[in-house]
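After this come two complexes, each holding chain A, first together with chain B and then together with chain C.
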Partner chain A sequence: MSDKKTKYQEVAYYPGCALEGSGHAYNRSTREVGKALGLKLKEVENWNCCGAMEVKNIDPKIQTYLSSRVLSIAANEMDMDVVMAPCNGCYHNLKKAEYDLEKDAKSVAVVDKLSRKAGHDSYQAGQVETIHALDWIKQTIGEEGLKERVKNSLDGMKIANYYGCMYTRPRHIFPEKDQGPGSESTSKPHFMDDLLDAAGAESVDFPLKTACCGGAHTLSDSDTSTRLVLNILQTAEAAGAEVIATECPTCHSGLEMHQIRAEKTLGVKTGVKILYFTQLLGMALGLKPKKVGVHENISDSISYLKEKGLA
Partner chain B sequence: MPIHEKSLIRPENLKVHDKLEVDGIDVSGHWSTFIEDRIVSDYNEALEEEIAALPGGEYIHRCWQCGSCTNSCTVHALNEDFNPRYWIYLIRTGMESELLRDKDIIWQCVSCNKCTYACPRDVEPEGVMKATAHWLELKGHTPKSHSTLFDEIFTEQVLKTGKIEDGRTMRRFFSRTGQGMLQGWVVALFKGLMKHLPISLLSKMGLASVVAPRTRGWGKAKQAIEEYIEDQESQHRQALGLDELVAMAEQEMSNPAVTGKN
Partner chain C sequence: MRPIEQIGDRIQELISKASSANAASELLTLGEEVLEHWVTAKGKPPTDDQREGFRLLALHRQGSGGDPSFNACRETCRELVYHYNLVTLEPEHPEFSKRLQMMGLVANHLFLFVSGKMETQQLGDFCCASKPLHSELN
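Let's turn to the complex of A and B:
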């Protein structure tokens, strides 16, 4: 555990495309939380898209190549050991590229060939470790460290922690998970619960932690996505949550967009607030809502945050 | 011939006679309901190989039909006709005409990977769903789904610049699928954003959609990926025998006996 604590103090930061667009609040709050905790982020130089779900659907090996280019830059050009990706999609794809390059000779051949043609070193499995923003904070600061640093406790805040699909599935690309005490669980993940509870919040028993929001088809099959999101929102409310904490820009905007769409097209209004876990942690560490990009969210949680003494 | 699972009792197979007499006995109404077409004869014996030749379909042969995929499926919970286990069965037994009955919903897989998580045989059913949706489009059974159009617009942009700017992707998607940007819920969404964002950031976002973010020196990577895609596409066409199909169709078209030309 302690080697991770040292290893993760300074990491290569891969924000990815969504965090420069619709998920900008997540980017802002992740950087601010890092700063407040004294952790260093070095952005991956001249990065490219990880391939997301869309390129994988056109051809999975191109997605593997795109992700491998990011890992290669971090390893070969920046000499880093750890890449941290807050976006679940990026995190998942970097992990999948790592897995494929370790196990599948065809993927290695394609990546070698494309890297050579593109004029950069090809990534070799094992050169860097990919982690999520949750691992980063959990392993360096941990619950005890957070408790010491909390300035505005999230006391009285009831939170449903929503992890989504890509953080835990499929299991085989996350070999470090499900390794007993201290490790993350793929069926009942708890890192976000642990951190927000340490910041004073009360994590409710939420059965849909790893349910799907339909993010892949947010626009192309909106009716399905609206039904899936509505189920998540209503279940969180039934579990007593006032806030859904998110850790993925696609889930986050999906929940926000379809909360509005459910009201407009189905006439079902839900009041649960949607905030990135980094926004909640940042405010607990004493940062102002604006500093963590609460105004960049589509949904409006300012009056709720005022009520809780955070704004 | 083995007995294959096929849903026989369907509305189009039922015949109800108002007045039917057999050997002097009236068997009209409900009693005169007959089920047609009990024999499956239109197999496509190459179906499993065709799906396996497309990305994602590689491991379909491992399936044991345990049903864990359908049991865990996000979309199945919303629509019970969405049944990965059954489709894998149909593909492996070559029952193409049965599979085509569900051709308009197969693309709706949301890639949540619950099936791949649950599968005890590492079939990776999520990949099989993508391969099947892709197969339906390549064979001309379905037009390109909205999901495929979105994937293509997204991939085009990644190939062009190395990165994605989501506002641009969204606008292109709405325009290419013939949907207006001004649907009620989209307007409500932007109004929500406008209320709190400072003007400076809004104009920055506007600028980002004019000047797309770019990865420097992306040209060579772009070319390498495009060459790879071209190569893969020709392999897929070969595996599905598409070039032969096109050649046959062209021959038919040029045959004066068919077209009626002199």
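Let's turn to the complex of A and C:
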């Protein structure tokens, strides 16, 4: 058994704010897939916001502190070695905090000061490893393990895997990526492709895997977000996809909402379905659509899933 | 340099009508023009240099200098170059039309990303590698 396979069997789970709101289906499906695969999640106790995007714009050191508190609880209060964050924003921010605390003395000083003030141990770089839900499943179960466990193959399902902008950027905060065979690529990520293909799906060649969805501008400049999303949807369809698989709650909500908005404001209808990769894996493992929160999605994919024999 | 809106209009025309390898060269040039707008708006003269044989990649590098969030379109630029190579090196390929259409859609994404970013620049960048507002203010 590889180190990671053993190490990731039980991880501290950091759902983050989005997974308790608009991304609840991602939370539900991640937990259910974990259960179905026999993997253990221990939710980080009394967790807080990672600092998301807004705090970082006001003061990046506050974001570093907020993320470090989550890591500190996992390491110092729960005695965990690994924190798993399915949300790309949270994953990115925890990785960034780790990087800052390893490389930047000023960040260490701010985190020490604020941790003392808040009354908890300061997080020290290297105490825990932060991973994404994709790493978690890929390293513990892998493609062969998934193939053995598939009950309802995704056979005949053509999928565009959409990773979004935060899973791979900036490259320097992900030192484990681009390390050759077996590691994730920052220019052409493939972990989601690997897992869904193992579940029977066909991943199409999708050139906008890591392109911007306009998620962060959805309130300040909705029209741009709608046009960016529409272009992603149309590109996926042109690539032959019936489904876009997502791994980020911001991207997922943006794709769903702007798919509707594009039809209303631009008069352009697209039919591609939008599902979290964990929902697709869950159904492949034999879970019912409701169990993985398909009813919580905004876009309606039930009739499509029925056609495919998954609902 | 034509207005950025006209670049978007021309890309749309090419997505729906393009059928020859010449369109690939035009889409690549349109991508360069999009980046020229960005670089010019940043107060720099757009470079004529090339990186890995493409001016587009040199312009992207120039445009991302001092603005890490601009890297969010790095792979889009590379995909544009990749599709240009696919279309021009294999004009007889059975998927030629599909490849050309994909190139148009990728060029469109670059246009939408950059033109959108130019509109909201003053609001601050709420992007993955954003630069904090307070550092601008200090």
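Following the convention adopted for this analysis, the second predicted complex is superposed on the first by the 310 of 311 C-alpha atoms of A that agree within 3 Å, B and C clash if a C-alpha of one lies under 4 Å from a C-alpha of the other, contacts with A are read in each partner's own complex, and residues count from 1 in each chain.
Definition applied: a contact is a pair of C-beta atoms (placed from the backbone, for glycine too) under 8 Å apart; a residue touches a chain by one contact, two chains touch by 3 or more.
Model, not experiment: these values are computed from the prediction.
Partners chain B and chain C, brought together by superposition on chain A, clash. By the touch criterion defined above, A:54 lies against chain B and chain C together after alignment on the C-alpha atoms of chain A. In the overlay built on the shared chain, the residue A:153 is in contact with neither chain B nor chain C. Of the two partner chains placed by superposition, chain B and chain C are both touched by A:227. Applying the stated contact rule after C-alpha superposition, one finds that A:18 touches chain B and leaves chain C untouched.
Between chain B and chain C, B touches the greater number of residues of chain A.
Judged by the touch definition given at the top, the superposed model places A:9 against neither chain B nor chain C.
Of the two partner chains, chain C is the only one touched by A:207; chain B is not. By the touch criterion defined above, A:216 lies against chain B and chain C together after alignment on the C-alpha atoms of chain A.
When both complexes are overlaid on chain A, the residue A:127 reaches neither chain B nor chain C.
In the superposition on chain A, A:76 makes contact with neither chain B nor chain C. Among 6-14, 78-86, 168-176 or 222-230, the region of chain B with C-alpha atoms clashing against chain C is 78-86. Residues 53-54, 57-60, 165-166, 169-170, 211-212, 214, 216-217, 220-221, 224-225, 227-228 of chain A touch chain B in one complex and chain C in the other. The residues of chain A lying in touch with chain B in their complex are 17-18, 20-22, 46-49, 51-55, 57-62, 65-66, 69, 110, 113-114, 117-119, 165-166, 168-171, 186, 211-212, 214-217, 219-221, 224-225, 227-228, 256-257, 260-261, 263-265, 295-300, 302. Every residue of chain A that touches chain C in the complex is listed here, in rising order: 53-54, 56-60, 92, 165-166, 169-170, 187-188, 207-212, 214, 216-217, 220-221, 224-225, 227-228, 231-232, 234-235, 238-239. Of all residues in chain B, only 55-56, 74-75, 78, 108, 110-114, 116-117, 124, 127, 130, 145-152, 154-155, 158, 162-167, 170, 173-174, 177, 184-185, 188-189, 192-193, 195-198, 201, 205, 208, 213, 215-218, 220-221, 223-225, 227-229, 232 touch chain A in the complex they form. Against chain A, in their complex, chain C makes its touches with residues 68, 71-73, 75-76, 78-79, 82-83, 98, 101-102, 105-106, 108-109, 112-113, 115-116, 119-120, 123-130, 132-134.
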